[in-house]
Amino acid sequence: MRTRILGARVIDPNSGLDQVSDLFIEGGVITAIGDAPANFSAEHNLDANGLVAAPGLVDLNVALREPGYSRKGSIATETLAAAAGGVTSLCCPPFTKPVLDTPAVAEMILDRAREAGHTKVFPIGALSKGLEGEQLAELVALRDAGCVAFSNGLDCFRNSRTLRRAMEYAATFDLTVIFHSQDHDLAEGGLAHEGARASFLGLPGIPETAETVALARNLLLVEQTGVRAHFSQLTSARGAQLIAEAQARGLKVTADVALYQLILTDEALQGFSSLYHVQPPLRTATDRDGLRQAVKAGTIQAICSHHQPHEADAKLAPFGATEPGISSVQLLLPLAMTLVQDGLIDLPTLLQRLTIGPATALRLPAGTLAVGQAADILLFDPQGSTLAGETWFSKGSNSPFIGHCLPSAVRYTMVDGHTCYQA
Amino acid sequence: MNLPDPAQLLPEMASALISHLNKRQISTPRFIGIRTGGVWVAQALLETLGNEEPLGILDVSFYRDDFTQNGLHPQVQPSELPFEIEGQHIVLIDDVLMSGRTIRAAMNELFDYGRPASISLVSLLDLDARDLPIRPDVVGATLSLPGEQRVKLSGPTPLTLELQTLTN
Amino acid sequence: MTPTEAKRPLQLNDQGQLRHFLSLDDLPRELLTEILDTADSFLEVGARAVKKVPLLRGKTVCNVFFENSTRTRTTFELAAQRLSADVITLNVSTSSTSKGESLFDTLRNLEAMAADMFVVRHGDSGAAHFIAEHVCPDVAIINGGDGRHSHPTQGMLDMLTIRRHKGSFENLSVAIVGDILHSRVARSNMIALKTLGCPDIRVIAPKTLLPVGIEQFGVTTYSNMDAGLKDVDVVIMLRLQRERMQGGLLPSEGEFYRLFGLTEQRLKLAKPDALVMHPGPINRGVEIESAVADGPQSVILNQVTYGIAIRMAVLSMAMSGQNTQRQLNQESEEQN
């Protein structure tokens, strides 16, 4: 199908392009930006006056809950929610049942994602078998089955020697390891950031050092083993500072942050709403500001949803008995636009952190809008607004933002030139 | 409607009370006022009688039968009974007798302290609107009011009565 | 962007009266004073031949205890009975892994039995809030202790004890000693004292037993018991659980007693008429010397008596506020 997108403000953070242009798509690929290619006759014209055309968003952490947790979500529902949030490529973490530690699970996820046809899906494999942190998973076989990186999630390796070996093995094959840095013992039993708010509420705390101690260890082991490393879900200003220091001394590590960590703080826990129960926890306003500055400076080059949908029952209990996580992918663009609204960063910079930033962190074939590239395109109205929750595709409605009016509105999400979501 | 001046009712009430007690051959009555208006009336009455006996104070908030409708009175205070109830002749004093429910509550409360030999009831006004078979033994004045009107006593000095009209 | 806008405080009705009693966090001073005043009246009831008033006749109060307790449970039972309510007590085990679900289902079932009020004790901080907000908002919920968060009736009975012995809070120095970290009693006391205007609240404990950021409660921390006790009017000792010796919080009971135990000798540092309080049950020789616990300055047993009056006050006030809210809701429905 040949499509012409007319009159959009085209922003490609990768090339620095930012101008009102027409876009021409043929065979799922962008064939021209600006003037039409010779003999181009559009089968489909899309008037995009007043809209922004950007590369489809790339989200490095969207829990699809399939296989194994069909009450919480499915590949079909969660990828549709992602498309509605402006996402065209996403990575799914290995916490499935069975765990994503065999090629069969990866293949099954990829098949289902293709069937659903909403977004491109790039699985993240388990670094250790069963995520138990003891025996390595078959990393190369998993890579060959389509896994783009490997992670053990918050279940970190208790044994530093085993972790070091896992990193060396991954380095041997130039595989990327993703770290969710949280020291098991320092965090054990904790429910909230250790500080005045948690003390006031009587919630057991997770100290900042749970993150920084693990982060420091991981950074030193990365330096020693030379493994390609990405640090995910930073929560503290001090943690972001450790990453910046490592980058300054030449260590090529990348980092991401959950979007909600740039917006919420532990003050939200007043009243014990389980919607704010997340792991790692919401921290202080100082931490949030530090993370925001790290996003602005580029120390943190990717903003992700860290989408974790849950069934209603999972949140219907006293705070400590609920499951952590926010269903967040469907609001990725509008919620992120609050950062522009707040004057933290300009629109091209925000889009950089949502597209080419995350794509390069995990070397994904995504995140650009250029001639010859796949037509994974997001069209949105920057002046529009989104009433969060008015439409909702995720199986999990566990979002504290539902009911809020957020800036901008996603109009079209295209994957390989096909409209996979239209508002 | 003209409301009576309590000060002018008191001497007559005092002599009515004396003859009531004499008739019943009660020589050492115990006086108890119901918080708040009844306590004022009781104090004024004791003064008129020249009686310096200690006055008991009853707060019936915990015994009211309208808890479900009206809830707990926000300024409930302890009852103060500086004498035994058991076997005593009680003179219970209130300001305005209407439905009789306050007196019912007060009698219930008294019986939780002990078994009195007798209870006599004194009321400044009787509005003749009783829901319960409770009549005063001594009364200052009897009035009939339209349904939406109530009488309020202010005090303790001077004691004054005013009419209030219910608004809803 | 801010999280969900502030709603009416969960534990108050539209007229600002108590309808649940969950914590002392956001209650105004006037309300705390009203609770103390009402409890004073109920104390008088407790001194009568017949210790019972008909206030809650026909109402059903259900004590649901997910954690063991003797004193709190029995004083709540007694309080409800003295108000002429019918009382059921359930000890619910939390051993099942799905305790959240069982909590939800247990209470829904009890609500279906037409209970008018729940007294809940639960090991999770925020459990009472959860029940009041999500399970049975139309039943008055009284928090009998939730995790480390709050034990508001204990907090108020401690305030009643202090007020009855010291008159007011304005010029007092109060020391709270021991395991502050795990103590919901300490949290409730700190908040109540601050709300009622106590100018000098001290907490005395080693750093391992102090919550991070506790200064923001408006208290001063001491790690030296002698310095902390100097000239105080009230000493509140907390119970030290045996399991605190594990995990590196404390080396031994002996060392704790040596450093933070309340002995006759140490008590002399406080004002001569200082009160000694303890929420119970006490560990003699672990946090407090027997001679002090049983001594002339100890009001530990008075606390138990006052506890019944406080619970009577809170039960009747919350039931009253819940009734009023129901009527307000009906009226606004009729208008619509």
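Lettered A, B and C in written order, each chain numbered from 1.
Operating definition for what follows: contacts are C-beta pairs under 8 Å (C-beta built on N, C-alpha and C of every residue); 3 or more make two chains touch, one makes a residue touch a chain.
The UniProt protein names, listed by chain, are A = Dihydroorotase; C = Aspartate carbamoyltransferase.
Nothing here was measured: the structure is a model prediction, and the numbers come from that model.
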{"item": "Central chain (distance from its CA mean to the mean of all protein CA atoms)", "value": "C"}
{"item": "Pair joined by the larger number of C-beta contacts - B-C, A-C", "value": "A-C"}
{"item": "Approximate Å spacing (C-alpha centroids) for the pair subunit A, subunit B", "value": "75"}
{"item": "Averaged-CA centre spacing for the pair subunit C and subunit B, given as whole angstrom", "value": "39"}
{"item": "Between subunit A and subunit C, centroid-to-centroid distance (C-alpha), Å", "value": "44"}
{"item": "Per-residue multi-chain contacts in subunit C, two or more chains", "value": "none"}
{"item": "Residues of subunit C touching subunit B in the complex", "value": "17, 34, 37-38, 40-45, 48-50, 52-56, 316-317, 319-321, 323-324, 327"}
{"item": "Of subunit C, residues touching subunit A in the complex", "value": "1, 3-4, 10, 25, 99-101, 103-104, 122, 124-127, 129-130, 134, 146-150, 184, 187, 211-214, 216-217"}
{"item": "Touching residues on subunit B, where the partner in the complex is subunit C", "value": "59, 61-63, 67-69, 71-72, 74-80, 108-109, 111-114"}
{"item": "Subunit C-touching residues of subunit A, taken from the complex the two chains share", "value": "194-205, 207, 263-264, 267-268, 271-274, 276, 313, 316-322, 338, 400-401, 403-404, 406"}
